[in-house]
Amino acid sequence: MADVRNGIATRAGAMILAPVGWLANLFDAPLRMLQRRTGSNGMAVFFLAPNMLVFGIFVLFPLVINILYSMTGGGALFLGDRTFVGADQYGRLFSCGSYLDPKSCTEDLFWIAVWNTLVFVVLQVAMMVAVALVTALVLNRELRARSFWRAVFFFPVLLSPVVVGLIWRWILQRQGLLNLMVFEAGGTPVNWLVERSWAFTATIMVSVWAHVGFYSLILLAGLQAIPKDLYEAAEMDGTRPLRVFWRITLPLLAPNLLVVLVLTLIRAVQIFDEVYVLTGGGPGTSTLFLTQYIYEVGFASMLRNPGLASAASILMGAVLVVLTLIQLGIARRNEQRGKMR
Amino acid sequence: MSRVAEFLFRRRGGASWHWTDVFTWFWLIGGLIVMFGPALWLVNSSFKTPAALAEFPPTVLPYVTAEAIVEGYEEPLQLFEVRNDDGSVRVLAEVRRLGTIAQMVDPANPGAIIRVNIRNRTPKRSIAFALDNYVQPFLAFDFFLYLRNSVFVTVVATLITLLTNSMAAFALSKYNFRGRSAVMMLIVATLMVPLSVILVPLYSVISAMGLFNSLWGVILPTVATPTGVFMLRQYMLTIPDELIEAARMDKASEWQIYWRIILPLTAPALAVLAIFSVVWRWNDFLWPLIVLSRKEVYTLQVGLNTYAGQLNVQWHYILAMTVVTMIPVVLVFIFLQRFITTGIAGSGLK
Amino acid sequence: MSQITLTGVSRAFGKVGVLHDINLDILDGELIVFVGPSGCGKSTLLRLIAGLDRPTGGSIAIDGKDVTTVPAADRGLAMVFQSYALYPHMSVRQNLAFGLENARMARAEIDARIAEAARMLEIAPYLDRRPGQLSGGQRQRVAIGRAIVRNPTAFLLDEPLSNLDAELRISTRAELAALHERLSATMVYVTHDQIEAMTLADRIVVLRAGRIEQIGTPLDLYNHPANLFVAGFIGAPRMNFLPVKVAPGGTGRSSLTLDGSAGFEIDGNVSAANGDVTLGLRPHHISLADAGKGDIAARVALVEALGSETIVHTRTSGGQTMLAVVAGQYPVASGDTVDLKFDTSHLHLFDDTGQRIAVR
Amino acid sequence: MSQITLTGVSRAFGKVGVLHDINLDILDGELIVFVGPSGCGKSTLLRLIAGLDRPTGGSIAIDGKDVTTVPAADRGLAMVFQSYALYPHMSVRQNLAFGLENARMARAEIDARIAEAARMLEIAPYLDRRPGQLSGGQRQRVAIGRAIVRNPTAFLLDEPLSNLDAELRISTRAELAALHERLSATMVYVTHDQIEAMTLADRIVVLRAGRIEQIGTPLDLYNHPANLFVAGFIGAPRMNFLPVKVAPGGTGRSSLTLDGSAGFEIDGNVSAANGDVTLGLRPHHISLADAGKGDIAARVALVEALGSETIVHTRTSGGQTMLAVVAGQYPVASGDTVDLKFDTSHLHLFDDTGQRIAVR
Amino acid sequence: GDVRVMWYSDGVEGEVIQDLLNRFMKDNPGINVILDNVAYKVVQEQLPVELEAGRGPDIARVTNIKELADHWLDLTPVIADPAYWQTNFGDQFDWMRPDGSKIIPGFMTQITLTGSFVNKTLFEQAGVPIPADTATWDEWIDAAGKVQQSQQLNAAFAIDRSGHRISAANISYGANYIGGDRLPAPIDAGTKAFAEKLVNWVADGRMNKEIWVSASGTTYRAGADDFINGQIAYYYSGSWQVANLASKIGKNFDWVATGSPCGTAACTGMPGGAALVAIKYTKTASEVGKVMDFLGREDIVREFTERTLFLPAHKGVLAGKIDYKTDDENVKASLEAFLKASGKIAPNAAALPAWKWGTPVYGALVTRISQVMAGELKLDEAFARIDEDIKAQVAEASK
């Protein structure tokens, strides 16, 4: 049954691809000529080129400009109209009485946001990876109505962050659905969004809820790529399910797990919309995260300070780059320990 | 029934429930409630009137206060359940309310006015779907124009994304060339750049290229997503190099190796990226909002957001349209997720 | 300790039936070999016994207990996969240790067993490599090693020696035999190598297109093949077949007439419908004689000199291809005309349905 | 059209040298077979010739043109991988067609070639299956098919028949030989099967630990192995080796003394440092005789009955293991005492460095 | 030619204006007016970028009119009767042009005024009389507090989380934001006095904690939902809520607007609103003039006002009778109340819309005061921070 349906999907895919395939074949002759000139390895440049071109124009170049931005001051928007101030913006971010106490800093909110973000990232990434992994493992089993279950977990990803924030605010607010249920169950309602620790937990839970389908899907694709005969071998070796997971699944999932780890980390640092709608950074400043700070400084207040916002974002980016490079470094070491097959 | 159960609850081993089976079902049912519950509620809410939406505590289903036409009164009157002193309950229609006293009539016997303290009455409510939430936006805005724009952006951006990203990922996973790790690092490093950070410079670029108020201005900046390259590359690492070698022996050009060998074997990851790309582009909002300020080129999300004002957000329309705009993506998801099936890359080898 | 009983087992992939009604009783401590043409269902049968796959019909019992639905991990068998299925992310040592660690064996014991297996299979120098860094034969040996370190009560081996060189193959074969002896483990062994099958097996099961054709001891199958298929399949080069007419001959004898040319008489009575039978004669039982001195004249088509013996491919005047194996390096060249001489004490007869005809 | 010349080729993985200074000239249209123990570097050498790997030293030329850095796709060779490397997402038919489509061949021609290959390899029923749905042997045949449909000028085959049953192996071997004949294609063939090597090869290259030990025609290697290694490696079961003392005997003769027991004389002069040499004698050249009638007494340790011949493992009083192969089913059982009789016309002598000693 | 109008909506005004424009186009066949309905976010975030790049629509409805004042077109040469405009809209021109300039950039489509709403039913049920027009903030909150007690409410009252909202009260207590050189003055006793009250009201549970505490920075949060659900007795927001409240409260209870409570210095609300301005970079200035002329016509403004339930800026309309198109008595009464309150705007409040540093002051106020409410800062620290924040922003913007 599932076979048949997959067959249909495959055939439909093939039908869609047929004309594309024909087009692709047209490319072949000129590309062969190119290949004759560049050699097999030289074709790497060709394969990279389109992506890198778009990437350069629309990502890299603006990024470089952004670095310049961070060295200017004033409210003007375009680089040409702005005053060069050197490292002043960075100086402002770093001017603190004591680095241990955010309150002693000129930009106290920046440091509060940094701290909040840090705690959030650690907790959220751990939670996200764990939940995504478990979900992927569960969805990877031979389930009936597989596409339904996949859709269930993926569904929230389809919602815009604003709607996500809104739904959960309705659920979590003082008179929300959750308290209604708590009340019906005989408990005392909690003001989830006004209590510091609950609000912080809520941001983590909601962001996991909203994005876990995304990462589960990546992991699911990775899981399905693990050759089945290895599981059979493990079964013959009398391996218990948990051990199969630790010793077979996890190592072989490593490349995809790395994707998930890097992406969750980056996206955790960049969390914004849903939190903005859900808690708005409150109570107090306890869920004020870096991007909200940047947004407030650079966009929300009518007197924008794009220079300061850029400086903050570049600091944030720099930290992320370092973290990611560490992750990649570890991964590369593993990769080099031997091509797998 | 038992066949249904058997169908649903197929288990790992044979006869008995392994703990992994128990856990699986725990997770699935839990997921159904936690993941799907709020979403269902969203759908329900999209049928609520603005008043019902603002209501505390919220109701699960869309309710409105029941009304009845009562003889002698022009307008329909609201119905209430009134608790009498003796504890019995009857349904009355409210004529008017003065302070804490409501003047009511029995709809069956509209002659006599009954005075009721408002504490003793609760509105009688019935389920009703505020279809207006759906109908109005269709009438008020150019739904089909926006739909066309959205579809164009989504399809074109996704196709370009899949093509360029997979090409780059192929180069980065299966070739050894100088600077490969540098390029990889660069790509991953730029993953961290949130759009809002490069918004202004990017705007200048788009503006300089004359892509302002053009759908291409929405499409192009998004197609080089580092996420896609990174994800595909990691997946391609798991494809055995021997297959490429075999193709080289078969005199396949590098392009054909990419097209005929790598792409099909990356299908699961491509499906994932396609799903993501469709979802992203379809739901994209911030960037199109910046690039598109003319309604001929609005996408659905941008159109939808005209309901977000300064002081007031018309959530009932936004929710309804959210539900409508979600339908195509759900269908796309259901179609594409089928390609996330058992990877077969290993089965060509001994 | 492991008696495996298959009762009416069948397996189909979709509409394609691959195994049909397999009934087989593998005795405790027996070494049984599955042979059969490529694609006949040997690996599938092995996987069913292992529990990696479920039969679509019939049942499997181990030691009398029905295990048809028992998962592989709980059947306590060890298997060498035709595709090796080595864990690519583990070193050879880890590959070998994995199953033992699962059983919570003490480290020292694990090391000892790995060392023993490594010695046996000559893989000690590669213990710290990953499978991807090994040659094909080395991988295969690791796959064998992974099974034998576990000292299980039953082994399932799917063409375990196919990628080894002759010398290693012989020594490994001997080690497996010794292991079988020492552990008195049941072994189910799939091979395409005639020598392996003949020397190792207690009994051989000949499969063909998902059905069992014959079960018996090696020499049984060699000397008394039940039908044309088994006769052709067991023994290399394969048996020569010739259509002959049979008629009663002298007392207690029958006379066989080759089409066209002369016939000869054999001991025993043969009864066959309208006298048409197939004569089977192994190449080893045909010798070359000078022209006129043999039973049938033939022309040499191809000579394969193996050093120790020479395979002579000939074509008879009747157009049949007949192979003869002669010891040593026989001085004959293609194009020569020779006479073939049959060793009539070793001939086999089959009726028109391909079944063996007993010669009484 | 394809002459392949290797000059001083070496290959190392990291610090591990796998091939050392390989010099080899493969003639146009020649069928050359690589043999050697598992892990000796055969596949690596094949991959270097194919261009899938670059040598760390030396150069490779095809038809006199240096191709050391030419990519695989441009060398015009076809290869059967030891691991098959079938395209898992394509049906068998597509797997076969892929190379032809790359050459922009007409559809009809492609179909014809596929049909021909399918017939040859008996895979016609599976043309629309994916590799994952095939048995091991079927996959291997597809791998062969993928190479042969291309009619290339040179083939590289890495153990192409290892997973086929005897019958199919023989027929495929014959098809390959015919193909070789028809296309006059150069073939480089790796195998562990002695019979394949002996019957197919124009020349055999014996490799050992990354070095060439001997190159020669099959019978050359069989009859005149250059050293102990080749002598032991070529021929199955392997040659028996015995330490003997040599001394001049009668005119033009030498006398050999087995340790402890009696000796015998052979034709020819043998010179060796302090008279210690190794005697090599193939099992086929040892026969069993009644006690007292042979050259040396031994005790039967194991009897392997293959049907067509019987391998008798014996242990001499000196403690050496000696194998004898006797034709047919010989009535002997382990524990029996027998006398071994040497066929002295076929013995080999090696000096203490293992090199062959010519007997003049 | 084409005239593009960028327009955002809080309610039905998008439909109303489209309606009016259709009428205009029928009368002026040569002019094609395209109404681009956009999200408020576009006006707020994209339009400035576009303007800075020297582009944009021809006409836009904006709220940050002062900050972007450099980009507005002087309509004087293209409108039929500049004097009409001066008379009827002149009071607000300073809100939308650079200091010292004399141009006519456009007109206010809507005046807003902050003010309060009372749940009459709750007050009645509690038996608490509704305080008089002249009641102070303290008196109002006390009264609401009594209602809270008697009716077991979660809170007595709420104020929208916005610096703009509390500025009205600050000014009532004597605050003045504008210092010498028209730069921000350090915050004064008036502001401090009201801020302290606010913090105390949160602490004693009378002010709804959720609105202010459960957000940070300048995030805007309205308290309307609590009021709509009868969870609070008193709500301080502004005139724009009238339509919203009307539609969602329906017949659930009686409510009314009551202007702004008094402080020690005044009883003022804060004026504000959205303006329709023409943009300098237009290529069809004369057509733009025609459109603006049409939309500024007294009858058109009146119709727009009546249908949208807005407060008009047009002197003539204000002088006449406005017949709001609603049959909700609460609405009519409330709009009357706001119209009345607009007469009582203190000069300090009236000056703010035309002052370019208003936004940073509002932002700093709300950011820091809510931190005090959440217990993260002491009041003194907060006041010091507010001054610093404002100073930093001014310094940055002056670079």
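Going in written order, the chains are labelled A, B, C, D and E, and every chain counts its residues from 1.
Going forward, a contact is a pair of C-beta atoms (placed from the backbone, for glycine too) under 8 Å apart; a residue touches a chain by one contact, two chains touch by 3 or more.
Just so you know, these numbers come straight off a predicted model, no measurement behind them.
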Touching chain D and also chain E, the following chains: A, B
Lowest number of touching-chain links that must be crossed from chain C to chain E: 2
Leading chain pair when contacts are tallied as C-beta pairs: A-B
Rotation angle (°) superposing Cα atoms of chain C on chain D, nearest 5: 180
Gap in Å, rounded to a whole number, between the CA centres of chain E and chain A: 38
Whole-Å separation of chain centres (CA-atom averages), chain B against chain C: 60
Averaged-CA centre spacing for the pair chain D and chain C, given as whole angstrom: 22
Centre-of-Cα separation between chain E and chain B, whole angstrom: 34
Shared-contact residues (touching 2 or more other chains) in chain E: 45, 49, 53, 229, 231
Shared interface positions of chain C, touching two or more other chains: 71, 74, 82-83, 133, 136
Of all residues in chain B, the ones touching two or more other chains: 12, 56, 200, 204, 240, 242, 248, 253, 256, 345-347, 349-350
In contact (per the touch rule at the top): chain pairs: A-B, A-C, A-D, A-E, B-C, B-D, B-E, C-D
Of all residues in chain C, those that touch chain A in their complex: 14, 50-52, 71-74, 76-79, 81, 83, 85-90, 98-99, 102-103, 129-133, 146, 150
Chain A partner contacts - residues on chain B that touch it in the complex: 7-8, 10, 12, 18-20, 23-24, 27-28, 31-32, 34-36, 38-39, 41-42, 45, 56-58, 60, 163-165, 167-168, 170-172, 175-177, 180-181, 183-194, 196-198, 200-202, 204-205, 220-221, 223-224, 226-227, 229-231, 234-235, 237-238, 240-242, 248, 253-256, 258-259, 268-269, 271-272, 275-276, 279, 283, 285, 301, 315, 318-319, 322, 326, 329-330, 333-335, 337-343, 345-347, 349
Chain C partner contacts - residues on chain B that touch it in the complex: 12-15, 349-350
Chain A - residues contacting chain D, complex: 39-40
In the complex, chain E residues that touch chain A: 45, 48-49, 52-53, 64, 67, 154, 209-210, 213-219, 221, 229, 231, 357, 359-360, 363, 367, 370-371, 373-377, 381, 385, 388, 392-393, 396-399
